[in-house]
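First subunit A sits with subunit B, and in the next complex the same chain sits with subunit C.
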Partner chain A sequence: MKKLRPNSADVAAKVVDGEAILINLSNGMYYSMDSVGGLIWSMIEQGHDLGDVAATIERHYEVDRDTAERDVQALARALLDEGLVVPSDGGSAPDANGVQLPPAADGYAPPQLNKFDDMVDLFALDPPLPELSKLDGGGTEDT
Partner chain B sequence: MSRLRDDPPAREPRNPSDEIEAAFRALERAYAAAAKGPDPLAVADYRIAGYPVRTRIAGRGLAADVDRALGHLRAGPGGRPALTIEVWDETEAGPVDWPGWPGDPDVYGTLSVSPDDRYLRHQRQSSVMVLDRAESRIMGCVRGRDALCLDERARPFHRLLAIWLDERGIQFIHAGLVAHERQALLFVGKGGSGKTTSSVACFLDGFGYLGDDFVGLQKVDDGHFLGHAFYATCLIDADHARRFPALLEISDAANHDFEDKLVTYLRDHRKDGFGREAGLTGIVLPTVVDREETTFRPATAMEAMLALAPSSVGILPVAGPNALEKLGGLVTAVPAFWLELGRDVDGIAPAVRRICAHLAAHIP
Partner chain C sequence: MAPLISCIVPVFNGESHLRETLDSILAQTHRPIEVIVVVDGSSDASAEIALGYGPPVRLVRQDERGPAGTRNRGIEEARGDYLAFLDQDDLWHPEKLSRQRQRFRLRPELSVCWSHVTLFWSGEIAEEGRRRAGHPRGGTVPGYATTTMLARREVFEAIGPLDETLWFSDATEWVIRAREANVVMEMVDEALTFHRIHGANLTRRQDARSRDEFLQIAERALARRRAPGS
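== the complex of A and B ==
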């Protein structure tokens, strides 16, 4: 597994203070990740491949490369299994030096994908529709 | 009240036929005929989230019900409304000559979209509402007031209103909102967290009231966030209402056996103290604890996000990858607090006032 991208057709995500929240709009499952997971998600969103991600974690948290690669791959598999990302076939990689890093003083812990299923019933009854197209000739305002 | 579909609906956006527009046109013809009849439509003007909205309702009783929920947002007539909502009550005004009641949706209804995305139809068991996005017009029909579900009575038009306002930068969120002096606090959390208890306790204590379940969230140019009031109602368990005897006197029973709450019309308790909008200064996460007194402590932005976002996105009729953007901005900009609710409900409002005092003292 080399590169992933968010499954933006079904997933809404946001990184808040370095931590990530993700909601699968098709089934109501939602997820959180702490600061290491938030960093990994941010880099996936920005188009970095998983090798870049592991290298950044190795440098920033001063963990060995094998640990960084193993943990990034494990989280990537979990994200794939939950339908939160899809494989990506490339595209140019952005500069890893531009990544906003959380404080290293927080320390390193293997990233976990925390799952919550208490909204599943609500979404099963009434899932939100995908976004609507803009109408020709107005009728809507810029949001 | 929950009744799961055997096969949950997919996020299928488009209705393959043009039946949605046909329903809209049939209702339009009914209104044109009614306008020439002897019993004029009940017309009322409101200002909802800053927008002038006019309702034209065929059915005096239904119009009065709608006004019980929205009356605090009344505005003087004048000018062209930004949104017109026209609803026909077949019990009061007679049957409409239209294609009929399509399908058999479950209690929460079915939302469908015309092939060109212009019309959205929300089909319930006893009501049909169609939004014409191009003309900013909602056209609807109900079988009768006595057939409506609790949320249709407490929050008229909420599904289509949410879509219309979202396109204008105002997002429906799942939250309560009260105001005290210069502070405006959102109560956020899932069902059972104590959100309604907190909102109601503050309302009965004299706080300004802007909502219990649904509030409009708007980011304004200076980076601050406004909360907009929608409905002066709440839905509350009958057992729960007994903790607030004043509420029982202003609550109506459900129309259906499968509904387990009461609809409470808060303006029947007092007419003043209902705000239209407020600049948000705090986020409160109620949680029930096993002790007598109620206290508060700081919460992180992610704790606020986890309490606010899933159910807020769950109530959105339409959502895409950016559904969390505004919520993320809010929890980053506004401080959050856990409100640990003790058994003594009389202690809730004083604890919320202490949060207000803390914000006034510590937040510029």
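== the complex of A and C ==
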């Protein structure tokens, strides 16, 4: 996996004090990721490829490259499995020097995607309805 | 004697379907009822339509206070032992109130009863409804929304009113509060409310602010999980 982008048709997300908070409006699942995960999410949102993300983590936390790559790929798979991101086919990569980094003193812990399903039933009726394009199998029709 | 049920209809420029909505309340098999139409601002004939009905339909007008504020005004005006709400475009099954009231008779500890909702599509976007047929959220779904609710009036005194800062997710936030307070609630399996999707409310549901509000609800839930003692 090289590059991902947020599945913005279904997912709303924000980063607060380094923590990423996401909600999948199509099914009511919501998620959190603490500082390393928050950094990875921010970089995915900004259009960085996963290699850039692993290199930034390697530099910032002084972990070895294999660990950084393995952990980034594991989180990327989890995000994909939950429908929070979709594969992206490139586009221009922003400068990784512009990334806002959490304090390295917090230390490195492998990023976790924490998952919560206690509001699923509450979201059956009220959140925004899915976009038509999705129902059409990924077509381009605007709603 | 059967208890009085206050049926609160929050309205904002709702003239297109308001008659149908009020007729579906008056067709309820449960009596006694009062119907409180709260017209929030509005520049159309909604107030005149409501006024034309006469008792048990009562009109309350207010300067614009938003959807949650309009429902809260209805709660303030209500005299019933039970409160129900019906949005201006939606319809009830004729036995909606009586079937839910039956649940309270069988379960005296019950405070709130919800029902399933069947979506239906207004003429101008019926084609879109056909395209969505078969989608998990395109037919009958559990309706945790005020438009399906029958509640004992005391529950609003215990839990508090709807949060007027929320324009899209006021009911969701209220349900979470009620759950946290261990309020006894039940979702009936039947679809007793019919929710009309039309151009305006479809656009509203796809509003970016709606997404932000639901994200805010997730953020608050996460903050509560981290709070000491939770």
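Keep in mind that, in the parts below, the second predicted complex is superposed on the first by the 125 of 143 C-alpha atoms of A that agree within 3 Å, B and C clash if a C-alpha of one lies under 4 Å from a C-alpha of the other, contacts with A are read in each partner's own complex, and residues count from 1 in each chain.
Going forward, contacts are C-beta pairs under 8 Å (C-beta built on N, C-alpha and C of every residue); 3 or more make two chains touch, one makes a residue touch a chain.
Because the structure is a prediction, the values reported are computed rather than measured.
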(message) Output check: A:Ala13 vs subunit B and subunit C. Expected answer is one of first, second, both, neither. What do you get?
(response) both
(request) Using the superposition on chain A described above, determine whether A:Ala74 touches subunit B (first), subunit C (second), both, or neither. (result) neither
(request) Tell me which partner A:Val63 touches in the superposition: subunit B (first), subunit C (second), both or neither. (result) neither
(request) Tell me which of subunit B and subunit C touches more residues of subunit A. (result) B
(message) Applying the document's definition of touch, where does A:Leu122 land relative to subunit B and subunit C: first, second, both, or neither?
(response) both
(request) Examine A:Leu25 and indicate which partner it touches, taking first as subunit B and second as subunit C; both and neither are also allowed. (result) both
(request) Under the contact definition given at the top, report the residues of subunit A touching subunit B in one complex and subunit C in the other. (result) 12-14, 16, 21, 23, 25-26, 30, 32, 116, 118-119, 121-132, 135, 143
(message) For a test of understanding, state which residues of subunit A touch subunit B in their complex under the given definition.
(response) 6, 8-17, 19, 21, 23, 25-28, 30, 32, 116, 118-119, 121-133, 135, 137, 139-143
(message) Touching residues of subunit A toward subunit C in the complex: what are they?
(response) 12-14, 16, 21-23, 25-26, 30, 32, 116, 118-119, 121-132, 135-136, 143
(request) Within their complex, state which residues of subunit C touch subunit A. (result) 117, 128, 131-132, 135, 137, 141-145, 168-169, 171-172, 175-176, 187, 195, 197, 202, 205-207, 210-212, 214-215, 217-219, 221-222
(request) Using the touch rule from the top, collect the residues of subunit B that touch subunit A in their complex. (result) 2-5, 8-11, 13, 106, 108-109, 111, 113, 117-118, 120, 133-136, 163, 166-169, 190, 300-302, 305-306, 309-311, 313-314, 316-325, 327-328, 331-332
